[in-house]
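Below you'll find a set of structures to go through.
Below, subunit A partners subunit B and then partners subunit C, in two separate complexes.
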Partner chain A sequence: MANPLALYSHYVSISLRSQMQYRVSFLLGTLGQLFSTGVEFIGILALFDRFGSLNQWTLAEVAFFYGIVNVAFAVTDMLSRGFDHVGQLVRSGEFDRMLLRPRSTVLQLIGQEFTLRRLGRFGQGAGVLLWATLYLDIAWSPSVAALIVITVCCGACFFLGLFINIGTVSFWTTETLELMNVLTYGGIEASKYPLAIYHTWFRRFFTMVIPMGCVTYFPVVAILGRSDPLGTSLAFQYAAPLFGLLYFILSLFIWRLGLRHYRSTGS
Partner chain B sequence: MQSFVLPYTAVLSARFRMILQYRAAAIAGFVTQIGWGAIRVMAMEAFYRSTSAPQPMHLEDVVTYIWLGQALLGLLPWNPDTEIRAMVRSGTVAYELVRPVNLYTYWFSRSMAFRLAPTFMRSIPLAVLALLFFGMQAPASPEALVYWLAATLGAVLLSTALTVILSITLMWTISGEGVSFLVSPVIYFLAGMVIPLPLFPDWAQRVLDILPFRGICDAPFRLYMGHIPATEAWAVLLHQLIWIVILVAFGAWLLSRATRRLVVQGG
Partner chain C sequence: MPHILVDNIVKTFRIAQRRPGLWGALHGVLRREYRTIKALDRVSFELEPGELVGYIGPNGAGKSTTVKVLSGILVPDSGRCEIDGRIPWRNRISNAANIGVVFGQRTQLWWDLPVIESFDLLRDIYRIGSGEYLRARDELAALMDLEPLYDVPVRQLSLGQRMRCDLAAALLHAPSVLFLDEPTIGLDAVSKLAVRDFIKRLNRERGVTVVLTTHDMDDIEALSDRVMVIGHGRILSDSTLDDLRARVTRERRLIIDLLDEGQAIEDPDVTFISRSGNRVHLQFDPDRVPTAALISRITAKYAIKDLFVENPPIEEIISRLYDEHELR
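Right after this comes the complex of A and B.
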């Protein structure tokens, strides 16, 4: 068990086995995830049926945005449940036990639960993404294919960074601040549509403060091969996902700061 | 008479006061819903910019619809009553069966408080903010206000009847959230929370008109803004009443089935 990867896969296998104890519950949960993201997409279909287009964006293009953000987020959502529980762990004093173990706390928290039912969201997002890819005339090249993979990976890292931040706040508040969910879920809700349709203050916030647009909008514009109504260059669109990765690294540093600040609540 | 009603009103008010204690959760939900509403409004504005064709609803009405939806979000039958879920899991539900009250009515009162209290706390400040700053309109007329209030009462009863049914199904599934994982996203969608129902294609309207879910959000909201004229308010209220009777009768029947074959968990 010296190797963190081996330890992590051990965590995952335990978590999977425990979820498989409640097979019906797992199936219902997965289907439920599929339904709750599915109805959002049916809503988009109905709106396009009614309005024809969204500021020059077609249904297939919007579907691509929708697919990318859901696939990236679903990956993170499978890994990051543990960070939701930090507040509870801190309050009960359980967090001390994690500190005693000779492995990084981030690894232990990621390993807490591998939430398999998020496959529902993943499957739904991937299905929409596939449909959009087949429907759109994407100018395929190795660099475009690579950009899709990089965007999804950096997107997943970015969302993980957000979840880590939510957990970090708990060191100070000893409570999981649901307030932060407005960033995660609100951001995903917003990223279903191209960032260009929103007000300037909103676009700035989700580019410069929380770089969600860097993983859900700019690279996708490059993949779709269309000019950005916001006027960014192709070079920036290709480089943008790196800001997502940077955000993740930064959030790990802040986590460390939080750990140093941590005082056990005892009891 | 008074002693007959007393247990039901007592559980309603006790639960109401208990839920009001959770102020932090209320603030978090409040901020999340403002963010969520703002995003939806911006997306709808963008859709309305894309076309000049006349639509079944004006943009101002859609904005009001969205904010009413955010303010009254808590009324939707999201999940089974959390206390009943805990009782079914731990086995203490057996005590519920020996109480000298009608179990269905008792659970109905309990669930009504569960739906009303959090909504009560959030909806008023949210509506005030939306009215002042976010483009929500005042009721179309004094009659519209009266009919909206009447229809909202109907919506509360409809939603409570559905919540009780969701709670009863836990007696079969025991673990997790049971069927509500599947049913709640569908209700959310069919009530008009994803996109306003009048924006759905015309062929869908006929189906939506028959289903009970329109009565939870869509119909009361449209009475408020005069999109359904006051002269047709009786049809909305009658539709709600018929479905309340059906759902209550079904819930009571389901509960009698459930208690006949109940295996109590734990020991």
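Right after this comes the complex of A and C.
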């Protein structure tokens, strides 16, 4: 009776129904997402039209990076709106209501809104990914196919971890959230290009501190069957997505610390 | 063992101090200064199963902090607290499944959804079995006439309807304790009576323990035998309403309807309070003059249509208690 998954699907169905009450707004929102992410990709096309390649990365390869990041991020974006609003929920007292319910706060926040219009981003990412897959000469094997699925899943978990981090920070302050956006949205933008083109300190930051490269760059290199200009081994490339999962688990622990802080200060 | 045990709970908050102006804001970013506020200062009380207690005090006295500690939202600095043997902040989830909380000012229902869908979602949130759920829902619906509201989106409900639905929502999982925070605020007279009546029945017939926070003294008068008054984070008084009255003031009200409007009543044992038309409000101390003696003296002297004796309104008693403790 009502395990977390059943409860979550109940949340989703409710969220969908209330979004369907505003059908026009939903349609416009979805189209808007499709177009704005579409324009983004046209920017990349223009870049390659002018320069031909980017440090020996072809357009199709960059499109593959772009597609996989967007698909994973769109999945997270559908789930994680609630964490964007933690500050607001705390101020309005709604967050206390979540603590009054016999369920984990993380589940309730994920359940708060299922943002269907992010399907626009998802559709665009999936389209680009499909195009890149058809264009590229990928050496298909069960392990490559599995790696694609694992990369998207771990990527979505990793991004969810980032959003949980943003929510956690708002237990302490509501003022520095812009700085967090640099990490999330800035990082996501950056990871749409191969990590190898960036500066060493930047690469290190997005591998060792925030393991964004682990859920995008390294596994994709293995999927594309390229040798990594950064010199990592195939085994590492296959294992890398797990660091995204690890990051997610770590962010849950940090969330609990934030929650403890909130429950002892009440602010 | 008491149903709810609160023993020497202390809770302090640190409030960041802001200095005025732009420099103050910048200063605040670099170095914050804090002021410590004792929201609860060694609060202790016990409630037996099935008690209905009024919990009153001025704003900022510590009422909602108490409720937050008891419901597991806040962790106190020190002290002991148990509900049905559970420590609320340590067993937040199992405690939450055992209590119901209603905030008069905020709904827990989903704004855009029909009432019934909020109820269904709560069934899953609280893991209520479907048989139990239907039984509880139908029973609550019958008590508060909710069925006509099932398909109405919450945002379209009147305040009174919303409050009835919120009460039901907090009770679907059959909690043994109900915390009510200003359940009648903003309601019209009829809705107030309906809500009070429901709370009373819930308490009498089902034995639900109720902690009622309110500013509406009529709620207290109508519902609770026991009243706890909190101020400055301390329990100032914990007794029956009658005892509280007797302790704070012995005075009674004498209300007289005069036959002749121009008349003034003078008697050494009464003090004049107010007058509207031919109705005069007076006050006297039954220790100084027996009520019967006073009445016969006055009826002998003046032409009187009607006369009755009342206790002073509870608002006045509370306000005297606040004055005693310098709570204003």
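Criterion: the second predicted complex is superposed on the first by the 258 of 267 C-alpha atoms of A that agree within 3 Å, B and C clash if a C-alpha of one lies under 4 Å from a C-alpha of the other, contacts with A are read in each partner's own complex, and residues count from 1 in each chain.
The rule is simple: a residue touches a chain if its C-beta (ideal position, glycine included) is under 8 Å from a C-beta of that chain, and two chains touch if they have at least 3 such contacts.
Given the structure is predicted, the values throughout are model-derived calculations rather than measurements.
Of the two partners, subunit B and subunit C, it is B that touches more residues of subunit A.
After overlaying the two complexes on the shared chain, residue contacts for A:32 are found with subunit B alone; subunit C is out of touch.
Once the two complexes are overlaid on the shared chain, A:99 sits against subunit C while remaining clear of subunit B. Shared-chain residue A:17: touches subunit C; no touch with subunit B. By the document's definition of touching, of the two partners only subunit B reaches A:186; subunit C does not. Overlap of the subunit B and subunit C interfaces on subunit A comprises residues 175.
For subunit A in complex with subunit B, the residues that touch the partner chain are 22, 24-25, 28-29, 31-32, 35-36, 38-40, 42-43, 46-47, 49-56, 175, 177-179, 181-182, 185-186, 189-190, 193, 197-199, 202. Taken together, the subunit B residues at the contact with subunit A in this complex read 24-25, 27-29, 31-32, 35-36, 38-40, 42-43, 46-51, 55, 173, 175-179, 181-182, 184-186, 188-189, 194-195, 199-201, 204. In the complex of the two chains, the subunit A residues touching subunit C come out as 1-2, 6-7, 10-11, 14, 17-18, 21, 93-94, 96-97, 99-104, 175, 260, 263-267. In the complex of the two chains, the subunit C residues touching subunit A come out as 13-14, 29, 65, 68, 71-75, 89, 92-94, 96-97, 99, 101, 103, 106, 108, 110, 112-113, 117, 120-121, 123-127, 129-130.
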